[in-house]
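There are structures below to look over.
What follows is a pair of complexes built around chain A, which joins chain B in one and chain C in the other.
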Partner chain A sequence: MLHAEVKSETLKKLVDIVGTIVDEVKLNIGSDGINLKAVDPAHVAMVHLELTKNAFDSYEAQETELGLNLSKLEQFLKLSSSDEMVKIDHIEDENRLVLEVDKITQKMPLLDTAGMTDPNVPQLDLPIHLVIEGKHLLKGVKASQNISDHIALTAGPDGFDMFSEEDEDLVRLSLSKDDIKELDAPEEVRSLFALDYFSSMIKSVSGDTLIQLELGRDYPVKLEFDFAEGNGHVRFLLAPRIETS
Partner chain B sequence: MSFNPADGEHFVKRNPRCILCRGTKNLCNRERCPVLVKYYSQVRSKQLTDSKDLFGSSPPGVFVGRYGYPKVDIGPLVPPFKGDTFEMDTPELWLGKSIDDIVDFRTSLVRGKYTVGVDDVDEGGRVVDYTRDMALCKEPAEVEAIFNKKPSGRITLSDSVQPYGPSAPIKKLDLGTLKIDRRLDRVYNDTDLKAVEAVLELYDKGVFVSKIQRAFSVGALGVDENRRFVPTRWSITAVDDNIGKNLREEVKEYRPIDEYRIYETWELDNRWIILMMPRTWIYELVEAWYPETAWNPYGKDIAIISSHEHYEGRKKYAEIGGCFYAARLAVAERLKEEGKQAGTVILRETHPGYIMPVGVWNVRENVRNALKNEPKKFETMKDALFYISTRLDIKIDVWIKNSEVLKDALYQTRLEDFGRGEKWA
Partner chain C sequence: MGVDIGKILKVKEMGLDHLSDRIIAMDAYNIIYQFLASIRQRDGTPLMDSNQNITSHLSGLLYRNANLLENDIKLVYVFDGEPDVMKEGTLEKRLERKQEAKKEYEKALEEGDMEKARSKAQQTSRMSPDIVKGSKRLLELMGIPWVQAPAEGEAQAAHIVIKGDAWAVGGQDYDSLLCGAPRLIRNLTISGRRKLPGKNKYKKIQPEMISLQDNLNELDITREQLVDIALLCGTDYNDGIKGIGPKRGIKKIKKHGSLEAVLDSIQEDINNAEAIKKLFLDPKVTDDYKIEFQSPDFEGMISFLCDEREFSESRVKSALEKFENKRTSQSDLLSFT
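Moving on to the complex of A and B:
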């Protein structure tokens, strides 16, 4: 059972975040809020998103699972402006979701969740932890996109670097200790990532969003941030590229 | 040639100017593409017609130019003889023909030119109506064309469009009885049907891709007020792109293949290797042009260029040009037939026998043809790459270095490589 009201903006953000990883997702509905885990078809990136009931204007739910087509939801949300309220109702016997905004009502069939299992999340021990503002990551990614398909993330006691090179071109964004909100980096590490994945993971953040990064040497990166005024939290994991000669 | 340019990486150059341009972008700032000019000089001049009148059976073929857009030259392609000329404008039937054969029969097609605004599909007058009607035909049409002056020029070559012969401005056009293709006629008369949907409907009904492209170019498809002439070159890619995209999305519903596969073919001194990998959709075309081939005529080095797309497809036009979309159509079509998906890399090694560009059909039809054969199957990527190294001259390391998808397959790790856990650590 789900019966809730939430700002369109919050759902848009959810679609924005999860839509970079998958098209279809299983939402786990609980009495305190919703959460989901999804891995992309190539098993390179994973997302874990939680939205507490405080993110909703009203929220009544019993534990259930909803199989959602994100493109359909996105189309519906385009009919609303960010601060409009969306009413959500789950009609269990029809297995449909009823969405209402302004004067529009849409009934949306839900996907069968039988084949949609939560992915296993690898247990990782990442030595480096840092917190930086979204604007730095956005800028570093933008610079890299001009020249390459990959981006190397380097962190150490002195700071954090985003670096790309292709043929003769090279671009680097360097942040010193002072540019970084928190830095816990006893050693220097570097991992290389596919830029399209990395850029889509951060595309929903704004300049002042605080982003937690955890890094290792040739290891996945973990990236976390809050949304929906702190009532939503998202964690991404991205597997690295390892170029051995 | 005394040296094998494939011997070492030293002899490979990435993204060279001529291959990026292929006579379309004027990257060298010269008035005419010097590569094309060189080929023109090699083609024997043929006296097609000595008068301003031409009678013949058009395959039927039509051509919409791109110069002067949004004013363009449209008109029929007509040979100076009658008979069953259908094959002359149906590249689906050209596999196995030599470059000389293709150039020879295509040079016989005289291009009539009639300048119109691209929007004038409805009220452009008789030449416009007749040109469109011809594009809807299933059999050759008898045409009488009266030109303002004698057709001139020898042949026009392009990387995307198949060659054609001399041209002249049309003064008057007359047609014999036309045999209209009912499938084309249906979508032409449905003025509420979007162009993309019309293209897909025609493809599903088995209309040759080249005929869909022909109808698309004359503004015979789409919602009434959006209909317009589309230069032949753009039509070819638009149709390849739309069909391929649609097939790709269908293919993504299926399970991946179970093994590594290699399909191959060798035609017009082009060696084609198609590697399919057991994974979700990703696709790339990598081309290596030897010195003295069509788009690398001056180089001493092999020139390599590639374009790829990930699972979601790509937004920017492929660096490598229309061939990217033509080959993608063939790949997605094959996978859909089988009800499987795969990651695909096409490696094209173009050897010096490929002396001039003959059009993008060459890519589509050769890839289709290769995919009709039984593939060689392999358990591992390593075995597949080893086999490739026995079939192509260029070293496998060089291919890998120039292929984003091969690099991805070899170097991109998966999350499960880092152990499985239950909790979000």
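Moving on to the complex of A and C:
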């Protein structure tokens, strides 16, 4: 059972975040809010998202699972402006979701969740922890996109770097300790990532979003941030590219 | 070339990293034509060695494949065999157009209109036995397997994917989807930007994946009906019905159910419609192929490209470095638990 009202903006953000990883997702609905876990088909990136009931204007739910086609939801949300309210109702016997916004009602068939299981989130012990503002990551990614498909993230006691190299081109964004909100980096580490994945993971953040990063040596990166005025939280994991030679 | 059903298909943009470790069956003729057309000097002259042998295709195969191999994409090139007799009309028309374009090219050159010259020169591109032979030789040196199709390359490529020996067909034409390929990847061998026709502007391009089943579901039609729509719009084997493009085609097929019923309703006819449909639905393909990936022969490539075809050694070497030194491979997240 689910009856809820929420700002269109919040759902748009959810689609933006999760849509970078999968097209279809299983939402776990609980009495305190919703959460989801998804991994992309190539097992390169994973997302774990939580949205508490405080993110909603009204929220009434019993535990259930909803199989959602994100591109259909995205199409519907395009009919609304960010601050409009979306009413959500789950009709259990039809397994359909009824969405309403400003005089428009859409009934959307839900996917069968029988084959959709939550992926196991790897438990990683990552040595480096830092918190930086979104604007730095956005700028570093933009610089790298000009020249390469890969981006190396390095961190150590002195700061954090984003680095790309292709043929003779090289670009680096360097943040010193003072540019970083929190830095706990007892050792130097470096991991290389596919830039298209990394850039889509941060595409929904804004310049002042605080982003928590955890890094290791040739190890996945964990990237976390809040959204929906702190009532939503997202954790991404991205597997590294490993240099083989 | 090929069928113009792209307007009704949904595509999904996809970075090269998403294709790591996938095997892609490349529609060789389609891709080589694209190289012959686009890799030219400013006035439209193709790249040539001092013996007037064209080398545009070799340049394309080397540099574009190097990009793909660098991303750990595994390639199989599928070459056309004998064209079906029903394609003769199209082939004749293409030849006429090429001769026409050649005249216009020469005229534009005389008039000093470089942009027009280049655009006309692109339309004169022709495949020759020497180009096919050189392409196969370079692929072998690069360690890329190739398959000889009995008839159409895109049908054989589709067959290889259907059998599970590759993940998707690679090429620009949609015909492989009509032949049942579950997935088609376009824009794989195109550089990062595409010139907009007739303008001096460029658009950034990304590889895009088209899933056959997703599109059939979305359009709510069968593959047979998609083939019917293609015939209405025109294929390599028939001209299509005047005034019917893909969007009207789909409306008509959905309303009437089949090609025959649509043709009845508008009192039109398509010659050999049944036989043409069969070329897509039950094409001539073979199971007699082997896909074996080899290590590249770097010395062989330098000797072929630089010594025989006069490529710049430093440029070739820097392309080779792409898949020699800096190879990285995408790891699996679930392997870190």
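In this section, the second predicted complex is superposed on the first by the 245 of 245 C-alpha atoms of A that agree within 3 Å, B and C clash if a C-alpha of one lies under 4 Å from a C-alpha of the other, contacts with A are read in each partner's own complex, and residues count from 1 in each chain.
To be clear about the criterion, a residue touches a chain if its C-beta (ideal position, glycine included) is under 8 Å from a C-beta of that chain, and two chains touch if they have at least 3 such contacts.
Here the structure is a predicted model, which is why all the values come from computation and not from measurement.
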item	value
Clash or fit (per the criteria above) of chain B with chain C on chain A	clash
Chain B versus chain C as contact partner of A:A194, first or second or both or neither	both
Partner chain(s) touched by A:A114 [first = chain B, second = chain C, both, neither]	neither
First (chain B), second (chain C), both or neither touched by A:H43	both
Touching partner for A:D149 - first (chain B), second (chain C), both, neither	both
Which superposed partner A:R235 touches (first chain B, second chain C, both, neither)	first
Chain C clash site on chain B (candidates 6-14, 42-50, 114-122 or 168-176)	6-14
On chain A, the residue positions that both chain B and chain C contact, one per complex	39, 42-46, 120, 122-124, 149, 167, 194, 196, 219-220, 237, 239-244
Interface residues, chain A side, partner chain C - complex	39, 42-46, 119-120, 122-124, 149-150, 167, 192, 194-197, 219-220, 237-245
Of chain C, residues touching chain A in the complex	15-18, 20, 71, 318, 324-337
Chain A contact footprint on chain B (complex, rising order)	14, 279-280, 282, 310-311, 404, 407-408, 411-425
In the complex with chain B, residue positions of chain A that touch it	37, 39-46, 48, 120-125, 149, 167, 194, 196, 219-220, 235, 237, 239-244
